[in-house]
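These are the structures, in structure tokens.
The same subunit A turns up in both complexes below, where it pairs with subunit B and then with subunit C.
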Partner chain A sequence: MKYPSQAVAKPYFVAAIALFIVQIAFGLILGMQYVVGDFLFPEIPFNVARMVHTNLLIVWLLFGFFGAAYYLVPEEAQRDLYSPKLATILFWVFLVAGGLTVLGYLLVPYATLAEITGNRFFPTMGREFLEQPTITKIGIVIVALGFLYNISMTVLSGRKTVVNVVLLSGLIGLALFFLFAFYNPVNLVDDKYYWWWVVHLWVEGVWELILGAILAYVLIKTTGVDREVIEKWLYIIIAMTLITGIIGTGHHYYWIGTPVYWQWWGSIFSALEPIPFFMMTVFAFNMVNQRRRDHPNKAAVLWAMGTAVMAFLGAGVWGFLHTLSPVNFYTHGTQITAAHGHMAFYGAYVMIVLTIISYAWPKMHGREAANPRAQVVEMWSFWLMSVSMVFITLFLTAAGVLQVWMQRYSETPEPFMVVQEKIALFYWMREAAGVVFMVGLLVYVASFFVKPGAAEAPAAAEAQA
Partner chain B sequence: MVIDPEKQERRIAVAAQTLYLVNLMLLPGLAFLVLLGLLAVYRRSDSALVRNHLAQAVGVSAVGGALIVVVLGLIYLQGGAGPYAWLWGILYFTFVHTSLIFIGVVGFVKALNGHEFVFPVVGRWFRL
Partner chain C sequence: MAEVFTKNMARNMYYGGGLFFFLLFLGLTVDTELSAPERDNRGAITPQVALGKKLWEENNCIGCHSLLGEGAYYAPELGNVYERFGNSTIAIKAYIRGRPKEGIPGRRSMPQFDFSEEELDALAEFLRYANGIDTANWPPNIQG
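Right after this comes the complex of A and B.
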């Protein structure tokens, strides 16, 4: 670690992983509720568990992105972070606000939470993924503004690199598009229209910039390939991301009451959305193939390669599967969407956060890489989580195809709950794969505590010294 | 204008692997025909790199196409157009098609860097 202030990333990474574990625990509860409807009812109803599962995902990924920025921006800018103290204060504000919000979801009925947080004065609650009380949303904006101020001041007064500028652009976009969470028009079409400006333009827009910048940074560090080469790739990837992703928002506008031209715009541009992910795969493989050094942190390189592959699979292939309007007519809101959502989030965003943690954590502890035994355990966790996510996706896809057929395509469509009963076998298999995912995650956490073997211990101590 | 022969070889190898990927993702059939044209022109090339990538791209495209068309045909014959035929058809197609793309990416990267490449499992059948 070149600059002491980079260490402020540490609590962000710890919080991210802790919340990740809770998120997966709620995922397992949800998976069980799909097949045993009254599991943990009335303590944790399905709608609450789902809210916690999805909200925690967003919050821990944000912790991961913030931590990544605090770690890599000073190194790229070649100066210490503008204000490490501000970063630490914002960490606690964000953690306490997030924790209280989740406790609110779990301890009181949602309507009561809306009442006690004063939603009636400025109503923004009650919308999928944006369920947070208005006061929490205001807190998120304050944290984001403080964070952006800190990062911008560091970038502006230091060396400007493509990685830093792309990352900062992504983070500014993240903050800007979140503001649409406060726009809550009465007209439901308008509401949905702008709701997607937060949801879609985050994950299929500005978050991809953050992903690209972090991936480029890790590849520069681990492969030793010229920065200029990697930066050119990054430029092309983010250009394709924005060209396809912005108008690609149209694939959410097919059935919400918007004009018919969105059927065409949405289909054409979102059919092109796999291109940046495909380029990211070629980019990562090419850089590793051209590498000029064998970096000792094999686990970080594995996570980086895995990010490119799984993001292409989850966001690119599974996104394309149901993005064309005539196909989406049958598939929207089915388990095919869930299959895509799971693998896309895991491949693109979970894995990039784990990549930067894998790279930065040993550095923050004075080592180039974790000891070989710890890396082996970490790589086991990579395979356990990735393979189980592939199976989760396949089982949900199978459930989705049958659901579409029986509930929507058949000449004698069957009711929703009848179909759910018929595809329960796939939900059981998904739950089993989810348990393996949780095991993988726990193995990942365990990898941080693995001590070097007897033969490696002297070398590890020397490297640390 | 003098063209660096090594660069020219690499360009043809990259073209072969690009057409392999385009055949899978953008213009199935049409890109394969262009690839066959490239094979007709350069099949006797002095360059081992060119022959390697042409043979691999053409051979694996043909095997990949057969894997997709024949097995999907069998699934259709077995299950008609019923829900389970769709289920197996979609899962099978996605698995095979994506695997062919990922292996193609490796071939493309090898061509970009001027290295020879043999596709796993079936690649050793194809040599010029």
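Right after this comes the complex of A and C.
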């Protein structure tokens, strides 16, 4: 760590991992409710557990992105963070606002939460992923603006590297498109149309810029490949992201009351959306192959290659699977969507945050890398989580194919709930894979506490010096 | 390739491509808005439907159900529930009203929301309005 102010990232990373654990705990509750319908009913109904699961995911990823920016931007800009104090204040604001919101979901009925937070004055609640009370949304905007101010002042008055500029443009896009969360017309088609400007343009647009920038940074640091080479790759990848992804929004406009021509725009452009993800995989492997140094942090390099591969599989391959409109006609809103969502979020965003934490955490503690024993444990967690996520995705895909077959494609379509019971076996297997994922996550946390072996202690001390 | 395709060209592709396709997206959005009245059933939007949408949102119905295929996949699609229930708002209201408070042992069950008669009417009207949106013949059949 070159600049003391980079250390403000620490609490952000700790909060991210803590919330990640809670998120997965609620995932297990949801998985159980899929097969034992009255599990925790009526205390924690499915919709509440799902809000906690999805909202916590977004919040902890944002903690991860913010932490990543606070860590890498000063180093890239070659100056201290503009205001470490502001970063610390915003951390607590964000944590308290997020915590109160989740407690609100859990402690009172959602309608009561809407009542006491004054949703009637400015209704924005009750839409998927944007369930937060309006005041929480305003809080998110304030935190984002303060964060952007802090990061911009640092970037603009320092060395303007491509990594910093791309990261900043992604973060500005993130804040900008979130503003559509405040637009909630009565007209359902309009509502849905602009809802995607937050959801799609985040995860298949500006978030990919953030992903690309963090990945490029970690590869520069761990492979020692010439910055010029990596920067060119980064530009090409994110150019393809925007070229395919913006019009690719059209794959959400097939069946929601929008013009039929979106079936063409959406199918063609979203069929190209795997390209940037494929390029990212080629990029990561090429850079590691051409490395000029063997970085002692093997775990961070593993996460970096893993995120490229899993993002390609989850976002690229599983996205393509159901993105063409004639296919999507049958798969829209089934477990196929759930399968894609799980692996795409894990591969592209969970893993990139774990990549930067893996790289930055030892650096923030005065070491080049965690001790070899700790790294072995961390790599175990990598494989446990990644393999179990592959299985979660495969089981949900199997459930989805059967659901489509029985409920949508058959000449004698069966009712939703009848089909759900018939495919319960796959939900049970998904839940089992989910338990393994949780084990992997706990192993990941444990890896931070693994002490070096007796034989390794001198080597670790050397690395420290 | 290194000499032919420079970093500057890659950067221009990023900014130029991003800008071009965002403008194209805006253009398509304008066209979508201009032709929206033909498909979005806006004629059916009444104060009652608006109240129904508000109730739909403030009770987080999307947390279990999907509407036009979007939402959660834990409970049935409701974009065509009006048709599935025999074009009957009475049947929709009766279903919502009849949910047992303590759930059904071992099975998924919709919570009892204790809606008033006026609220039930509003919700049913909202679902009827949603059913009237032109969705390019989605879903494939009545089961949603």
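Brief remarks follow.
As a convention for this text, the second predicted complex is superposed on the first by the 463 of 465 C-alpha atoms of A that agree within 3 Å, B and C clash if a C-alpha of one lies under 4 Å from a C-alpha of the other, contacts with A are read in each partner's own complex, and residues count from 1 in each chain.
Heads up, the rule we're going with is that contacts are C-beta pairs under 8 Å (C-beta built on N, C-alpha and C of every residue); 3 or more make two chains touch, one makes a residue touch a chain.
Since this is a predicted model, take the numbers as computed values, not measurements.
Touch criterion not met for A:Trp92: it reaches neither subunit B nor subunit C.
Contacts of A:Lys192 after superposition: subunit C is touched, whereas subunit B is not reached. In the superposed model, A:Asn289 lies in contact with subunit B only, and not with subunit C. In the overlay built on the shared chain, the residue A:Trp405 is in contact with subunit B alone; subunit C does not reach it.
Looking at the superposition, the partner that touches the larger set of subunit A residues, subunit B or subunit C, turns out to be C. In the superposition on chain A, contact is made by A:Thr397 with subunit B only, not with subunit C.
According to the touch criterion, subunit A has no shared surface contacted by subunit B in one complex and subunit C in the other. Subunit A makes touch with subunit B in their complex at residues 278, 281-282, 285-286, 289-290, 309, 313, 317, 321, 394, 397-398, 401-402, 405-406, 410. Contact residues of subunit C toward subunit A in the complex are 5-7, 10-11, 13-14, 17-18, 21-22, 24-25, 28-29, 31-32, 35-36, 39-42, 45, 49-50, 53-54, 56-64, 66-77, 101-109, 111, 113, 129-130, 133-136, 138-144.
The part of subunit A that touches subunit C in the complex is made up of residues 33-34, 36-38, 41-42, 45-48, 50-51, 110-111, 114-115, 119-120, 123, 125-128, 131, 162, 184, 186-190, 192-193, 228, 231-232, 235-236, 238-239, 242-243, 246-247, 249-250, 252-260, 262-263, 265, 329-330, 332-335, 337-338, 407-409, 413-417, 420. Chain contact summary for the complex, subunit B toward subunit A: residues 25, 83-84, 86-87, 90-91, 94, 98, 101-102, 105-106, 108-110, 112-113, 115.
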